[in-house]
Amino acid sequence: MTQETMSIGFSRDEMAQRAALDIPDGAYVNLGIGIPERVAKYVPEGREVIYHTENGLLGMGPSPEPGMGDPELINAGKRQVTMVPGAAFFHHADSFAMIRGGHLDLCVLGALQVSQGGDLANWSTGAPDAIPAVGGAMDLVSGVKTIYVITQHVTKTGEPKLVESCTYPLTGPGVVDRIYTDLAVIDVTPEGFQLAELAPVVDYEYVAERTGAPLLPKPDIGKAAS
Amino acid sequence: MTQETMSIGFSRDEMAQRAALDIPDGAYVNLGIGIPERVAKYVPEGREVIYHTENGLLGMGPSPEPGMGDPELINAGKRQVTMVPGAAFFHHADSFAMIRGGHLDLCVLGALQVSQGGDLANWSTGAPDAIPAVGGAMDLVSGVKTIYVITQHVTKTGEPKLVESCTYPLTGPGVVDRIYTDLAVIDVTPEGFQLAELAPVVDYEYVAERTGAPLLPKPDIGKAAS
Amino acid sequence: MIDKRVSDVGEAVADIFDGATVMVGGFGEAGSPIELIHALIDQGATDLTVVNNNTGSGEVGLAALIKAGRVSKMICSFPRTANSTVFPELYRSGRTALELVPQGTLAERIRAGGAGVVAFYTPTSVGTPLEEGKERRTFDGRDYVLEHGLTADFALIKCRVADHYGNLVYNKTARNFAPVMATAANTTIVQAKAVVAPGDLDPETVVTPGIFVHRVVDVPDPAHESVLVAQGISYP
Amino acid sequence: MIDKRVSDVGEAVADIFDGATVMVGGFGEAGSPIELIHALIDQGATDLTVVNNNTGSGEVGLAALIKAGRVSKMICSFPRTANSTVFPELYRSGRTALELVPQGTLAERIRAGGAGVVAFYTPTSVGTPLEEGKERRTFDGRDYVLEHGLTADFALIKCRVADHYGNLVYNKTARNFAPVMATAANTTIVQAKAVVAPGDLDPETVVTPGIFVHRVVDVPDPAHESVLVAQGISYP
């Protein structure tokens, strides 16, 4: 926690909070395991969002009060959750029919790497001794209409996670629309990474230096209008 | 009705009754529209059979008492039916998943023609002005484990309906296991049509003359044993 | 706020456009969304491709839409009806085209369309005239034909109870094609015999989750097609 | 007479043979048929191919079956668990093979196997290492890979209520893979928290129709995997 609060830029919760601002009212949303799960609690008041968990529930609610959970009411991360009024249960094939069939509006996922073309790598480092495990990530990126990624801008050793081309095995090619990092909000455009917003204190150069591919500056609205 | 009772051999109800004797206890059965529908009422007492109707019901019961029906509780022939205790409703894709997936034990269908190789033609005469209509017949014959056919032995004009090769468009190739006609019960074997049982009064020659392909006589059990 | 209710059937079908593909629920009269179909007749869209197992009955509902000349193509498994001559006449005159699909293949193509499965191999129709023009392929010694997923611009379906989110439950065999059609259309429009608040349906028993539904209109006392036909009614 | 009840879990799994493919319901602990799996451990069948989303937890249930060396191959989407080292050790030593399948593709392959759909084209895994060895094909400008239906000799699943016919309803997210696995196995074996007479379940709410179920065994008070793991229990 100390490390997190000391670091420059957005904290994990602030990243989730920033992503939550972009979730539209009425959206059907799947939140990946980890930081993306935190997005739900930051969605601005007045917006109604319905959460899907791929293990068979539409209308997922927050974690239960301690001791009030049901071990058979869990999310994709296998943590106990609740359901909201108007929820529905269904089996796994129907759940992924929703995903693959393009019925979900938005999915927020973590990442190991994102390429400037929107390729996502988030399931395997390709290390020879690793146990490969993919879960539903490939289905989500191939089916959900809009894919947001929340990730630290660089690895623990300072390597950029936003890169020209992913070196890790892909989850899906050309699937990411927007990236929320501790330093910035970045769109994936046909021209590559495009800065949309800076975290407090940091500037364009600071972010660009830590990005492994060209970063287009934020469009200058004043200039564009002139 | 007069014509039916005057004719030699089994009546329509007797054909249905004879077929019913071969329906095993515990079977999941789909009955085609027309004479096959009559089979249900002749299943011998003590056998429990569960009827499937492809429009989404397992556990179909008989017709309702007059005035007691529900226009939303119908069979594949669009006639009002009832449901038995232990029934289940499901949608059309799930219903045909049962059929295509080989989960039904037995289907009884009508026929225009059956070939000695078990080809069934029961959906179209191929007449140029006819409106083609196939319904679920092709799905049933490709998926259900055992296919029985109930049919008159010859057409109204005296043409054999059991033939060397169907002249009408096929419903499915090599799918029929057993045929119940007004004159006989005939198995489709790798060697062709094989007489299993004669209707009262008629003899082998009478049936063979009216069959459009070679008819193997009933195996002589006495001879076979000698 | 998520509330998919619209005030009447006219509003529900207002944006169906000429040339649209429209899936229509129902097997015979069971599940047929007659009020939505009649609203579509009033609305005027034409050159429609309609997906339904049948072609309607008498001169109401789907048969009336066909009779009004609005349907340029039917995709169905059984276009014959004992009591309707509407489709046969238009078909024979060449004014309405027909794509004949085995019933199970039709249901599976719709499910595939809704599930993002672009195509699949099925044993149904192998060795028959309905295989013509399709790819045949052998897997483990058995032959299959390639069939394509089917999607639509709109689906018109009927249910027993809907909630504001569009969660649906059905009545008996009126369920039939509706749940898969709901998944395969860009815009799914539902007429419900009752509309309730979220939470009033048991989440274990919802058949169509609301994500597949876009508009819900309350039609508490829908007409029975067989009654209209028996009365000799012709719509409009 | 149709009555699929058997007297105990031992009888229910007695004929599972060496080399069988066994689908095991559950996503994490939700829906895991622990008592049936433990009966299978007691029964002794080995060289099994097991289909499950995961590889179990701790040293009970599926993890215990794997630890006992009975599983020669896992077909799953996510074989890592925070609290189990059983599968990783056997996998790294080469004693248990792994077929890694994206979760949605796994569910769809099982559904296809049960539905007589031999193969289908899906966009999932295109352009990734999991596409390797699979046919890629373009439809309407988008690429898809060919995936094959998956069937099994046996399915072991858990439900909330079963009737004598094998009609089933589930509890919340414990439903997960069970309904599709029930359709894809030659013999589907169910442990139910309650068993009732036909007619006691509402036919509108049955999730798995009895046609897919072959044996039902009453396990009124099933263990919770997470509780066993927390207690440090190792089966047997």
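The first chain written gets the first letter, and so on, giving A, B, C and D; residue counts start at 1 in each chain.
The rule we apply is simple: a contact is a pair of C-beta atoms (placed from the backbone, for glycine too) under 8 Å apart; a residue touches a chain by one contact, two chains touch by 3 or more.
Note that the coordinates shown come from a computational prediction; the quantities given were computed from them, not determined experimentally.
The minimal number of chain-to-chain contact steps leading from chain A to chain B is 2. The fewest steps needed to get from chain B to chain D, moving only between touching chains, is 1.
Of the two chain pairs examined here, A-C and B-C, it is B-C that is joined by more C-beta pairs in contact.
Look at where the CA atoms of chain A average out and do the same for chain C: the two points lie 37 Å apart.
Taking the mean of the C-alpha atoms as each chain's centre, chain A and chain D sit 30 Å apart. Among all residues of chain B, those that touch two or more other chains are 57, 83, 89-90, 93, 96-97, 99-100, 142-143. Counting partner chains per residue, chain D has residues 108, 111, 115-117, 122-123, 170-172, 204 touching two or more of them.
Each chain pair that touches appears in this list: A-C, A-D, B-C, B-D, C-D. For chain C in complex with chain B, the residues that touch the partner chain are 27-31, 53, 77-80, 87-88, 91-92, 98, 100-105, 107-108, 110-111, 122-130, 170-180, 207, 224-226.
By the touch rule above, chain C contacts chain A in their complex via residues 1-2, 111, 113-117, 163-165, 167, 183, 197-199, 201, 203-204, 206, 209-212. Here chain C touches chain D in the complex through residues 108, 112, 115-123, 139-140, 142, 144, 148, 169-172, 202, 204-205, going by the rule given at the top. Across the complex, chain B meets chain D through its residues 25-26, 28, 48, 50, 52, 57-59, 83-90, 93, 96-104, 142-143. The part of chain A that touches chain D in the complex is made up of residues 53-57, 70-74, 78, 83, 89-93, 95-97, 99-100, 119, 124, 129, 131-139, 142-143, 169-173.
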